[in-house]
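One structure is given below, represented as C-alpha cells, and several questions about it will come after.
Every chain is named by a letter (A, B, C, D and E) in the order it is written, and numbering of its residues begins at 1.
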Amino acid sequence: MIVDNALYRNGERVDLGCSPGDLAAVRTGATKEHDFVWVGLHDPTSEELDHVAQLYGLHELAVEDALSAHQRPKVERYGDSLFIVLKTLWYVDEDDAVETGEISLFVGHGFIVSVRHGTGASLSQARQRLEASSKVLVHGPSAVVYAVVDDVVDRYESVAGSLQEDVDEVEESVFSTERTNDSARIYVLKRELAEMRRAVLPLREPMNRFAVGTVGGIHAEAAPYFRDVADHLTRVAETIDTLDSLLSSAFDAHLAQISIQQNDDMRRISAAVGLVAAPTLVAGIYGMNFDHMPELHWMYGYPMALGLMLLSSLTVFVISKRSGWL
Amino acid sequence: MIVDNALYRNGERVDLGCSPGDLAAVRTGATKEHDFVWVGLHDPTSEELDHVAQLYGLHELAVEDALSAHQRPKVERYGDSLFIVLKTLWYVDEDDAVETGEISLFVGHGFIVSVRHGTGASLSQARQRLEASSKVLVHGPSAVVYAVVDDVVDRYESVAGSLQEDVDEVEESVFSTERTNDSARIYVLKRELAEMRRAVLPLREPMNRFAVGTVGGIHAEAAPYFRDVADHLTRVAETIDTLDSLLSSAFDAHLAQISIQQNDDMRRISAAVGLVAAPTLVAGIYGMNFDHMPELHWMYGYPMALGLMLLSSLTVFVISKRSGWL
Amino acid sequence: MIVDNALYRNGERVDLGCSPGDLAAVRTGATKEHDFVWVGLHDPTSEELDHVAQLYGLHELAVEDALSAHQRPKVERYGDSLFIVLKTLWYVDEDDAVETGEISLFVGHGFIVSVRHGTGASLSQARQRLEASSKVLVHGPSAVVYAVVDDVVDRYESVAGSLQEDVDEVEESVFSTERTNDSARIYVLKRELAEMRRAVLPLREPMNRFAVGTVGGIHAEAAPYFRDVADHLTRVAETIDTLDSLLSSAFDAHLAQISIQQNDDMRRISAAVGLVAAPTLVAGIYGMNFDHMPELHWMYGYPMALGLMLLSSLTVFVISKRSGWL
Amino acid sequence: MIVDNALYRNGERVDLGCSPGDLAAVRTGATKEHDFVWVGLHDPTSEELDHVAQLYGLHELAVEDALSAHQRPKVERYGDSLFIVLKTLWYVDEDDAVETGEISLFVGHGFIVSVRHGTGASLSQARQRLEASSKVLVHGPSAVVYAVVDDVVDRYESVAGSLQEDVDEVEESVFSTERTNDSARIYVLKRELAEMRRAVLPLREPMNRFAVGTVGGIHAEAAPYFRDVADHLTRVAETIDTLDSLLSSAFDAHLAQISIQQNDDMRRISAAVGLVAAPTLVAGIYGMNFDHMPELHWMYGYPMALGLMLLSSLTVFVISKRSGWL
Amino acid sequence: MIVDNALYRNGERVDLGCSPGDLAAVRTGATKEHDFVWVGLHDPTSEELDHVAQLYGLHELAVEDALSAHQRPKVERYGDSLFIVLKTLWYVDEDDAVETGEISLFVGHGFIVSVRHGTGASLSQARQRLEASSKVLVHGPSAVVYAVVDDVVDRYESVAGSLQEDVDEVEESVFSTERTNDSARIYVLKRELAEMRRAVLPLREPMNRFAVGTVGGIHAEAAPYFRDVADHLTRVAETIDTLDSLLSSAFDAHLAQISIQQNDDMRRISAAVGLVAAPTLVAGIYGMNFDHMPELHWMYGYPMALGLMLLSSLTVFVISKRSGWL
C-alpha cells in the first residue's frame, strides 16, 4: 500500500495536485536542484514495490530484501544510494510481549523510499513532525533518515523501559515468600531480550559511521544528531545486557529459593511425622499384653496414657519449634 | 564419479559431441577467450581426481583436501587459482537430525572443478538454473561460485529454520505440565548447533572479502551478490547463537521444573502419609489394654472410633488441600 | 538552582560585586585572556539551563542531555567545546545501597558549566579545594575538569570499598554453620555492581585519551593527572569484576551448602525415625495375642520389654552417631 | 642422548665415516653452501646440550628453555636463528589418558638441532621419511621444520580423535537408563582438553606467520605447506572447543538425570511405603479392644481382615502403577 | 626504612665510606658517566620517601603511589624516568594462603629507587646475586629492573605451583568416596587465583613492550631477557586460567557428588525403613482380636510369628541388596 508520497522543496511539502498513488507524476515533479520525494509504502505488494523500484532505479537485491520482513538491520551502499534496514519494536501490554516489524529505507539523490512491515511503529507521526519543521526538512533525505531512525530508536528505549519493569516484577516474585514458578517468565523475557539484541546491535556500527559524518548521502552537519542516536543505541544495548544478566542471577536465586523451600518443607514434614510417631509408640506400649503391667489396672491409667501421648507430641513440637523446624 | 562436465561459451553450454567422461576432449574444446569448463565430480576416486588435477594443474595439497570430506570451510589461494571448501547441511525429518556433506571448488582461469561428498545437497539444480540464465552464466566461473555458495547458504537457512522449530517444540515440552525428560533432546540440538556453527562461521570472513570485491578470480561486479550471501551467513550465525542460548535457558528452566515437581511430589507424599498415620494412631489408642477405658464398653464405641479415624484423615486432608499440598 | 557562579583570574576568584545569579554580569566580567567562569548548577529548571546555554552558546543536544539525569557517561565534542557526562555514586550505609547521580560539564574557551543531579556528590568541596590552590587553578577549565573527575572517581573507590566489605560479609554468612538465605543479598549486590559498571566503564576510554594529552581543550600538562584518574578507574573496574565473580562463586557455594544441609537434615531425620520405629516394633511384638507367649507371663516381662525398647533405640542411636548421621 | 646427527647435501645424507656422537666432526663436514646438519637429541644432559650449544652458537636463554620440558609452545627469534618449542601429545589407550612431551628446535644457517623430551612422539620416522624424499630435503632446515611440525600436528589430530571417542562414550553413558556417575570421567576429559589447548593454541599464531611466508629462516615456497599445518591446527582447536562445550552440556544433562532419578526413586519408595502402611492400619483397627466389634466374632472375620489388607495394598499398588509411581 | 643504598661503577659496588642512610653523600658520589645508585627502601615513612624524592627529583604522583601498597601493577613514564609497580606474591604453607606485597621502582638516569611493602619477597638476595655478577651489573639500572622483575615473576611461578598442588588436593577430595564439603576450599582458591590474576595480567603488556626493546631507559640488549620474563608471565597466566576453570569443573562435580550421595542415602534409608515396617505389619496382624485366629492357639504360633517377621525383614533386605539400595 502506498501510504504517502510527496515532493518536498526548500523544506516545504509541494502540492502537485495529483494523488499520492500517481508515482510517476510526483517523480517528474522534482525538477529543482534540492527537491526530493518521499515515497512511503506499507506492506507493499511485489507489483507496487517493483513499480517504485523501476521509477527510482533501486537495486534488485535491495528490493528483494525490502519485500519480506525477515532481514537483519543493516546499511548497504548500492552505487551512490544507500539501503537501510531497521527492525521496529513495540511492547504489547496485554501480553507482556515485544512485537517486531521492519522498515527499509532507499536513500538516493532526490528521493527516499520507506517500506514498512508490521502493524506497529507507523511513520506518519515522524512525517508530520518533519513537515512541521521546515528548518530540519530543508536538509533533504538525510533529515528523513534521521527522523525515522530517531523514531525507531526512541521506541527501543520505551520497550527497554517496559522490559525493565517486567524484570522488576520477576525480581519481586522470586524473592517473595510465596511459592512461585518464575522460570517460564524468566525464559520468555530472556527470549525477548535476545530478539531485541538482534534488532539493536547490528545498527550500532553504521550509526557510529553516520555520527562521524563520513558516509556519502548523509549530511556531515547531521553527524551530531546521529551521534545522539548512536548514544541512545548504546544505552539500550547496555540496558539489554544488564537486564539479561540480572535475569540470569534472578533465575539462580529462584533455584536457590526452591531448594530452600524444599528443605523447609522436608523439616516441617519430619516434625509433623514426629508429632504422630511419638504418641503411636506410647499407644503401642500400652497395647502390649503382659500380665504384669501395673499402669493398666490404675483407675486413671487411660487418661495418664493419653496425657503421656500429648506430652510426647508436645515435646516433639517444642523441640521442633526451638530448632526452627516448624 | 564424474557427474557432469561441460564447456560454456558466451553464457551457453556448448555441445562438443563427446561424453562428459572424456575429460581431455572437453578441456581442449575451450579455445575462445572467455570459454570455461565446469567439471562436476561426486565422491570421486583418487584416480578420477588425480586425472582432473593433472589436466587442470591443481595443487597437490588442495587435491588431497578435496579427496576426503573432513575439511573445515575455507578459501585458499594457490598461485592464480582459488580453492574453496564448503560444508553442506541438510535436515533429515525422520531423525530430526542434521547431516553434513562437503563441496570443494577449484576455480582457475577458464575452468571450475566442483567435488561433492555426501548424499545430500546435489548441485545439478544449481547447474540447471545457471544454464537457464545465460545472462548470469556469461560472467564465467565467478557466476558458478556464486550459484554454488548461494545454494549452500540457502540450505543453511532452511536447516536453521528446522532447528528453530525443534527448539520451539522443546520449549513447549519443558513448560508443559507433564513430566518430561528433555535433557537428551536439548543435548542433541546443542550438538547439532555446534556442528552447524563449524560449517557457517569460517565462511563468513572469505565471503566478506568476496563482498568487498578485492579477491582475484572473483568478478568485482559480483560483489553485491556475495554481500547478500555474507548477509545471509550472518543471519544464520545469529540464529544459531540465539537458539543455542535459548536452549541453555530452556535447560535451566527444565532443571527448575524438575526441582519444583520433586517439591510438589514430596508434599503430596507427605500429605498421603498423614492420611494413614492419623487413623493408625487412633487405632493404637483403642488397642491399649487399660482396665478402665470407658469408650471400649460403649455400645457404639467401635463406630465412634472408625468415625474418629475418618475424621482425623479428613482433617489432614482438608489442611493439606488448603495449604496446597494435595 | 544556581549553586555558584564565579570568575577566576590568575588562579584567584575575582569578586565582581554581583550575585552569582546575575549570569550575564559574571559572563561579561571575563575580559582578560586567561579569565574563565565556572557556573555551578544543581537540578536546574529548563529555563535556568536555557539561559546559561544561550549566554555561553551551548549545543542544544548537549543541553537536552544535561537536563535529565539518565545519560550514560561520555565525552563529546561540539565544535571547539567539550561536553562531559559523569555518573556520581555514593554508598548509603543505612540501606547497604549504592545511589547514583549525574554531573554534566560544558567546557569551552573561558568557561566551564557544571550541572549536577541527585542529592549526593556535592561539588562545593572540590571548588573550595581548587580555590585554595591557585597554583592548580591557574590552568583554567582543565583544572576544574580534573578536580571534578578526580572527586567523582575517588567516590567510586570508596563505594567499591564498601561493596568489598558487603561481599566479605556475604562470604562469611555463606560459609557460617547457620542456615542462611543469602541469595537475595547476593542478587542485590550483583545488581549494584552492574550499575556501578555502567558508571565506570564508559569513562575509561575518554580518560585514557585525556591521559595521552591529545584532547583539545584539555591541557597537555594535565595528562599525568588524568593518567592517574584513568589508573584509578581501571582499579575500580578490576575490583568490580573481581567482586562480581566472587559473588558468583559465593552463590555457587551457597547452593552447595543448601544441598549439604538438606543431606544432613535428611539423615538426621531418618535416624530420628529409627529411634521411634525400633521400639514401636518391640511394642507391636508384645501386643500380639498368641496363647503361648512366655514373656507375657513373666513377672518382669513388662520392664524387660521397656528395656528392650530402650536398647533398640540405643542401638539405632549408637549406629547413627558412629556413621555420623546424628 | 644424541639420537642422530647427520650432514645433508643436495637432499641426500652424507656418510662422513664418523659416529653421530662426534659432534665437531659432523659440524666441520658442512663445507658446501647449502649443506646442513641435523642434530637430534633426546632428554639430553646439561653437558650434552652445552656442547651442542657451543658448537652451533645457541643463545643461553634458548638452551635453558630446551633443557627442561616445561615450556609453552613458542617461536622466538635470536639474532638470525629461530628457536621453536612444540608440545607433543599422544594418547595412551590403557589409561584413556593424554600424555605430553616436548620438542625444541634450533634452526640456524646450515643446521637444525632438535631436542626431544618424553617417551612418546619419536622423530626417527619423520627423519626417515625426509631422507627418503630428497626432493623435499633439498630445501634444507625449512623442510625439517615442516616435517617435524607436520608430524606433531598429525598426532594432535589423532589425539583429538581419541578424545572424541571418549566423549561419545560419556554421552552414551549419561543418557543410558542405568545409574552412572560420570562426573569424574567428564572432569578428567575436561582437564585433558585444557592441557591440549595449551599445546595447540600458542602454535597457531606463529604457524600463520610461517604460512604467509614472511618469517626469515623459513622458505617462502614452504608457505602453502605451513598453511596446511595452520589449517590442521585450527581444525584441532575447533574440535577441542566443541568437545569442551559438549562435555559441559553432557555434565548438565548428567545433573538433570540424577535429579530425575531421585524423583523417580522417591515416588517408588513412597508407593512401597503405602503398600505396607495401608494393611498396617487395617491390622490396627482389628487390634482395638472394643466390646462391641461384630467382625471380631465372625467365623471368617480373620480371613476377611487379611483380605481387606491385601485389598488395601492392591489399591495402593494399582493407583501407583496408574500414575506411574511404580 | 632504608634497607640499602649503594653506588655502582663499572659493575662493582663502590665503598664510599658513609652509611647507607646518608642519602645525599651517596648521591653526590655518582660522578662518572655510567655510575648509578640503587636506593632500597622497605615500608618507608612519608618523610623518608620525600627525602629521596627531593634528592632524585621523583614525580609527586609516583611518590604518592609508592607510599601506599594498594596500587595495580603498571609501568608509567614521567619525563625521562620510569615508574614501575609490581605486586609480589608468596605462599604461606601453614595457611595454604597467598599473601601479597608491592615493589615500586623509580628508574632514572643514574639511579634506581626500589620501595618494597609487605613482609615477604625481600630484594636483598636479588641485590647480592647482581653484585656477584659484575658482567650483568655493568648494564646499569636496566639490569636491576630485570633482576627485580625476574625475581618477582619467579615467585609467581612458585606460587602457581603451590596452588596447582592445592587444586590437585581438592580434586582428590571431591572424587573421594568420603563425604566432603569442598566448596569453601574451592571458593578460597578461586579468590586467591583472582588476586593472582590481578598481580600478573597488568604486567604482561609492559613486559612485552620491554621485550621488543623500544622502551626508553631500558637497554635494547636486555630485550631477550625481558622476553623471557614475558614468556614466564604468559605461562603463569595460562596456569591461572587453567586452574580456575578446573576449579569450576571440580565444583560442578562436587555438586553432582552431593546429589548422588543424597540419592544413595535416600535409598539406603528407605531400605532400612522397609526392614522395620514389614515385621511391624506382621506384629499388627497377630495383634488383632478376632475370635477365630487359629495361629494364636498354636503351640508354636509365637515363634512362627517371630520367624515370619524375620523372614519379611530378610526379604526386604535381599531385594534391597540385589537392586543395590543397601
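Quick notes on this one:
Basically, a residue touches a chain if its C-beta (ideal position, glycine included) is under 8 Å from a C-beta of that chain, and two chains touch if they have at least 3 such contacts.
Remember, it's a predicted structure, so these values are computed and weren't measured experimentally.
Common neighbours of chain B and chain D, by the contact definition above: there are none.
Identification of common neighbours of chain A and chain E yields C. Shared residue numbers account for under half of those found at the interface formed by chain C and chain E, and the copies are therefore classed as meeting with different residues.
Chain D is reached from chain C by a rotation of 145°, derived from superposing Cα atoms (nearest 5). Averaging C-alpha coordinates per chain places the centre of chain D 27 Å away from that of chain E. If you average the Cα atoms of chain B and of chain C, the two centres end up 43 Å apart.
Counting partner chains per residue, chain B shows two or more touched chains at residues 255, 259, 262, 266, 273, 277, 280, 284, 287-289, 293. Contacts between chains close into a ring here, every chain touching precisely two others.
Starting at chain A and stepping first to chain B, the chains sit round the ring in this order: A, B, D, E, C.
Listed in rising order, the residues of chain B touching chain D in the complex are 59, 61, 71-72, 74, 76, 78, 179, 181, 183-184, 186-187, 190-191, 194-195, 198, 251, 254-255, 258-259, 261-262, 265-266, 269, 272-273, 276-277, 279-280, 283-284, 286-289, 293, 295-302, 305-306, 309. In the complex of the two chains, the chain A residues touching chain C come out as 171, 175, 224-225, 227-228, 231, 234-235, 238, 242, 245-246, 249-250, 252-253, 255-257, 259-260, 262-263, 266-267, 270, 273-274, 277-278, 280-281, 284-285, 287-293, 324.
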